[in-house]
Each structure stands twice: as structure tokens, then as C-alpha cells.
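Each of the next two complexes has chain A plus one other chain: chain B in the first, chain C in the second.
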Partner chain A sequence: MATEAHGAEEGSSLVFHPMDQFIVKPLFGGTEVHWYTITNVTLWMALTIVAVLALMVLGTSGKKQVPSRGQSMAEMAYGFVYKMVEDVSGKDGLRYFPYIFTLFMFIVFANVLGLLPMSFTTTSHFAVTVVLALAVFLGVTILGFVLHGTHFLGLFWVSSAPGPLRPVLAVIEIISYFVRPVSHSIRLAGNVMAGHAVIKVFAGFAAIAAVSPVSILAIVGMYGLEVLVAFIQAYVFTILTCVYLKDALHPAH
Partner chain B sequence: MATETHDAVEGAAHAAESAGMPQLDFSTWGNQIFWLIVTLVVIYLILSKIALPRVGAVLADRAGTIANNIAAADELKQKAKDAEAAYDKALADARAEASSIVEATRAENAEKLKAATAEADAKIAAKTAEGEAAIAEIRAGAAVAAETVAREAAAEIVSAMGFKASDEEIAAGVSSRLKG
Partner chain C sequence: MEGDIAELGKYIGVGLTAIGMGGAAMGVGNVAGNFLSGALRNPSAAASQTATLFIGMAFAEALGIFSFLVALLLMFAV
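What follows is the complex of A and B.
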């Protein structure tokens, strides 16, 4: 890092600041970031709300029997998540469909908006994904205990395994259960952050005339991949939420 | 770090230099978490109050319409089948009626023909009898006339030859000759 800074100082064209795009800064001057400060996070989360509003409310305002393009996309998103919840969590999981759909819409729009040049990607921050994952983890765990009481602990007791193995498996199950929110959150932020940083690194190489064509091609390729990742990570986060919800609804092995 | 001085100059590099990853700069977490919760609540309210009931209603409505249309189509199909059966039945009935009419007409005509033939036969027989009678009469008439002529001629011849003969003798002679 020190060498990079020195390189910049010496006027070299190779300046890498791949992580600068993730800096949280106040929108209206100042350097202090309080909890209430309006920052670029606020802006891009507000745009996420606008996008959800545009698709799910304005897009469906016609309520047509034969849908318009916007309504058809809204219905597709609805049907996609609805079927996912139904297939993975079961019929009784559909009660929690609005929460899961909220998660999906937020993540998918935050990811896609983050792909706009010069934008800020809210889902690239662990602060965001950890809160999302913890909300799922705590919600599902509390729901499990509320619905099944201590029977929920049966989730950790593999009754189909041979007797002596069960305590060992229980330890493993408990560890894996508590690792869930960690992997759940790091998977999303890590994927989004890594892709954006790699694009930025390629962009830094574009300053050298000799490699700039290669670098631009690489950016195009990475961008395509990132579009895919934006959707896949939203899908993965949502389907894992459904799986965890299924465990809470039907804890028996 | 040796870069403390550069930070003052290069403001942009500040966060990258000081924290490495802005994601691990915990001073911004409160801000992000606060705005995230606001955002999630707003999106949840928008979706659960407006969007999801609306889309759900549209989808249910559409499923209902499709089911109704399929039922209506099935009904129409059944109706078409019934109509076809009725048509086929009417056609068969008409064919049967036509053939029975043809049969009846043919029998009637044969009857009429027979009657007409019999009548004609009778007429022909009558005419024939009439003709035969006329011929017989003519033939009889001719025989009488021939005898008269022969008698007169015989009487003339007898008188011309200077003989005398009674009418009875001449008549007897003529008739015996005519018979011979």
C-alpha cells in the first residue's frame, strides 16, 4: 500500500485504488459520518426503494389481465420468489413470503444499481449483509423456538444416525448452525466486492496504452460476469433464507 | 504508516490508506445499518401494503379467467358435438324417409301400370270382338248378296234360254251349287 502511494506521488500512470469505490462519505460536505448523516449509502438505498417502487407499484398500476411489459416483469419476480418459498419451505412458509420477497428485491436491486458506473454498491458492505443475515438467523431461530419449543433442538440431534455418533454430530450441527449467518453474509458482500474491485483493477491497467485493449476487453467480460453474479447472489441469499426457514418450520430430520 | 503525510494531500486515498477495506471501517457501520433498516422497512411496507396484494389479485384473477374460459370452451365443444349428432340423426332420418317415399311411389306406379295394362287389354279384347262380329256380318252379308245375285243371274239366264223355272227351283239350284 505504501508503494502504491509512492507510485502515485512519483507521477506513475499506474494508480490502483480499487477499494475507493466502497468508501462511505457524506453527501453534503463534512467528513464526520454519524448514524443519521445522509451519505452515499442513503442515496443508493433510496434509489433501491425507487427502483422497487417503479417495478412493483408503477409497473403493476394497470392491473391488466394481459400484462404490460413492466407488469409482466413484476409478476415474474413475484412468481419466481413465491415458487421458491413454496418449493423449499413448504406451503406454511408462504406466510413469510412478504419478508423474503423484501429481502430478494432489496438485494437484487442494490446489486444491479451497484453495477452502474460511478455508483455505490450498498450490498458490498459487511455492515449491510451482516444485518440481513443476522435478521434471517435470529428471525428463523426465534420462529423455530416459538413454533416448536425445545423440540426445535431436535434439529441438532440426528436421530437417524447410530447412537454413539449422535453427540458428535450434534456438535458439528451446532457449529454449522452458528456459522450460517457468517457464510450467509460474507458470501454476498464478498462476491459483490471482489467483482467490483477486479473491474477497478482492470480499469487501472487501462491507463497503459499497450495493455488497454486487453484491459477493456477484460472489463467487458467481468461486467457480464458481474451482472450474472448480481442476480445469482440475490437468488442464493434468498434460497438459503428459504432453507433456514424450512428448518425452523420442520426441524425434524 | 509512512503515508500519513500523503493522506493530507490526497484526500481520496484517505480511507483506503487508513483502513485498507472501507468495509472494515466500523465507524460507518452505524450509519449503514440505520439507513438499511429504514430502507428495508420502507420496501416491506410498499410491497406488503400495495404491490403484493395487487400482483396476487391479478394472478388469481387471471387464473380464474383462464379456468372459466377453458370451462366455456369445453361447454362449446360439447354443444358442437351435440349439434353434430343431431345433424347426423336428421340426415339419417331424411334419407330413410326419402327411400320409403321412393318405395311407396314405385309400388303405386306399378299398381297404376298394372291397372292401365288390364284396362287396355280389356279394350283391345272388346275392339277385337267387335271387329270379328263386323267381319262375320260382312261375310254373312256377302254370302246372301252372292246368292241373290246368283239367283237373279240364274233366273235371267234361264229365261234367256227360253226355259221356265219357278223361283223355288232356281233358289234350290243356286244354293246347292253355292254350297257345292
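What follows is the complex of A and C.
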């Protein structure tokens, strides 16, 4: 989609299009992308997984009484997510802690690696985040039906509300339930993509001599904000997963 | 003069979706402001409620991101 925009913008003052950074292209020549083609998305996803593995495996291999820097980072990340799952989903949510921890580490490392200059942000693509969100949505729905059977439908029937209001509320609850995977995925991809596009727009202004100091200052400021957003969006994605998990474990309203 | 009226309408529509950003700004600001005023009244309870703060912010912000999605759909899919 970004290539069409590039064609439309030909002849404007921008030397590059702000959406060009999101183009998926094969690494080893050629232009066609098949399902097996190794693209820049594949490369940066693999680097994300390598980084997560390196932190967790190397960090915990020493197991010293006084932790090294790597070990304390790994322990901090583990403890942070563990406490989040325990606080939000309750004690019985801890069975699903490994999956939630994997999600958090993958998203936070993908976001932070995407902030490196010339890199590619995998989480800025809806295709990636929709898969993550759909996995959570399907997993939580199936888990709810397996654990509670038809009682899981009580999630939509607000028994504390006055009688005539309940069918209306049920419709609203069902709509909000099915919007969950949409907002869950679009929030992450939208935030990351919008932030990176804004940085590129300011970078385009840097070519004009009169405004280039302002635009460089703006890039520095936006970059600081993006570091914050990279972490907060991973946190929000994870904590919403915990909230949905809590609904599946305790569906009574 | 070139281009057609549909193209014009498309770009005006994309520009109008920026209004959604203002709505999201008010929503997120409202959440943060109310959290701060509550937290200053009872600082000991504030730390336990930061998760709720971020969930509230995420929900308010999601609707702003939806307007961004509408802009993207208008630009590239319509």
C-alpha cells in the first residue's frame, strides 16, 4: 500500500515518503514475496527472538547470589510480568504465565529493536499484531468454554442490572466482546506506526535549511516519546491479555 | 484544473479524521487528570491503581487510533 502512495507523491518536496519504512521487501534480491520468501520482516523477527533468548538464557545461566547486570534485567522482567498476572488475573491465572511472559518479551523487544536507525519494526504491521491478538482472543474464548461450559455465556448477561435492561446490555456486551481483538491489535500497530511515521515526517523537514534545527529537536523529542511508547504499548497489550484471561477464568458478572 | 471530485472528497475526509485525535486527547487527559487528583488526595492508594490507569488510558486511546485507521482505509483501500 505504501508503494502506491509513493507513486502519488512523486514531485513533492519530500525526498522520501514517511510510509516507505514499512515496505516489506525480500532480503536476497527479487521483488516477489511468497509465503516462504525471507524478507526484512523475517530478519527482524528472528533478531527479536535471538535477543529475547540471549537475555533470558545468558542472564539466568550464571545464577549468582549477587546478580550481574544481565541477570538482574532478566529477573526484573520476570518479576514484573509475574506480579502483573497475579494482580490482574488472580492466582489461578498463573498457569498461563509462560504464554503471557512470551508475549510481553516479544512485543517489547520488537518495539525497541524497531527504534534502531535503519531497522524494521515488525509490530508496526497489522498482519503481525492481528495474529498476536487473534491468538489471545481464540485462546481465551476456548478456555472460557472449556472451563465453564455454557456458564461462560453469563459474561454477556449482566444479572446485577434491572430486568428489562438486560437484553440491551447483552447486545452491547457481545459487540464489545467481538471488538476486543480489533482494538487489541490496532492499538499496538497504530501507535508504533504513527510514531515512526511522525519521526520520518520531521526528518523530511530537516532538508529545508531554515527549519532544520527545529526539526532535529522535534526528532529528538519524538524519539524519547517513542522509547516510552515502545514499553507502554507492550505493557498495555500484556495487561489487556490478563484482563481478558480473568474474564475467561471468572465469567460471572 | 485536473483531478476528480471523488479524489477531493477523499482527501478532505482524511483531513477530517484528524478531529478524532482531539477526542482521544481529551479522553486520555481526563483519565490522567482524574487519576492525579485522586492520587494527591490519597497517595497511599495510588500505587495499586496504576494498572487501572493504564487500562483506562488504553481504552480511551483506542478510539483515537480507530480514526487513524479510518484515515488509512480512506487513503489506501477506498
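As a working rule, the second predicted complex is superposed on the first by the 238 of 253 C-alpha atoms of A that agree within 3 Å, B and C clash if a C-alpha of one lies under 4 Å from a C-alpha of the other, contacts with A are read in each partner's own complex, and residues count from 1 in each chain.
Keep this in mind: a contact is a pair of C-beta atoms (placed from the backbone, for glycine too) under 8 Å apart; a residue touches a chain by one contact, two chains touch by 3 or more.
Remember, predicted model here, so these are calculated numbers, not experimental data.
Visitor: Who does A:Met105 touch here: chain B (first), chain C (second), both, or neither?
Guide: In the superposition, A:Met105 contacts chain B only.
Visitor: Please indicate which partner A:Leu240 is in contact with in the superposed arrangement: first for chain B, second for chain C, both, or neither.
Guide: Second partner only.
Visitor: Based on the superposed arrangement, let me know which partner A:His34 touches: chain B (first), chain C (second), both, or neither?
Guide: In the superposition, A:His34 touches chain B alone.
Visitor: Given the touch rule stated above, what does A:Leu94 touch, chain B (first), chain C (second), both, or neither?
Guide: neither
Visitor: For A:Ile142, select first, second, both or neither according to whether it touches chain B, chain C, the two together, or no partner.
Guide: A:Ile142 sits against neither chain B nor chain C.
Visitor: Between chain B and chain C, pick out the one touching the greater number of residues of chain A.
Guide: The partner with more contacted residues on chain A is B.
Visitor: Once the shared chain is lined up, is A:Ile232 touching chain B (first), chain C (second), both, or neither of them?
Guide: second
Visitor: Thinking of the overlay built on chain A, is A:Asp20 touched by chain B (first), by chain C (second), by both, or by neither?
Guide: first
Visitor: Under the contact rule defined above, give the chain A residues that sit at the interface with chain B and also at the interface with chain C.
Guide: Common interface on chain A, chain B vs chain C: 1, 5.
Visitor: Can you check the complex and tell me which residues of chain C touch chain A?
Guide: My answer: residues 51, 54-55, 57-59, 61-62, 65-66, 68-69, 75-77.
Visitor: Contact residues on chain A for chain C in the complex?
Guide: 1, 4-5, 84, 87-88, 183, 186-187, 190-191, 194, 232, 235-236, 239-240, 243
Visitor: Considering the complex alone, what residue numbers of chain B touch chain A?
Guide: 1-3, 6, 10, 12-13, 15-17, 20-25, 27-40, 42-44, 46-48, 50-52, 54-59, 61-62, 65
Visitor: Can you tell me which positions in chain A touch chain B when the two form their complex?
Guide: Touching chain B from chain A are residues 1-2, 5, 8-9, 17, 19-20, 22-24, 33-37, 39, 41-42, 45-46, 48-49, 52-53, 56-57, 60, 63-65, 67, 71, 74-75, 78-79, 97-99, 101-103, 105-106, 122, 124-128, 131-132, 189, 193.
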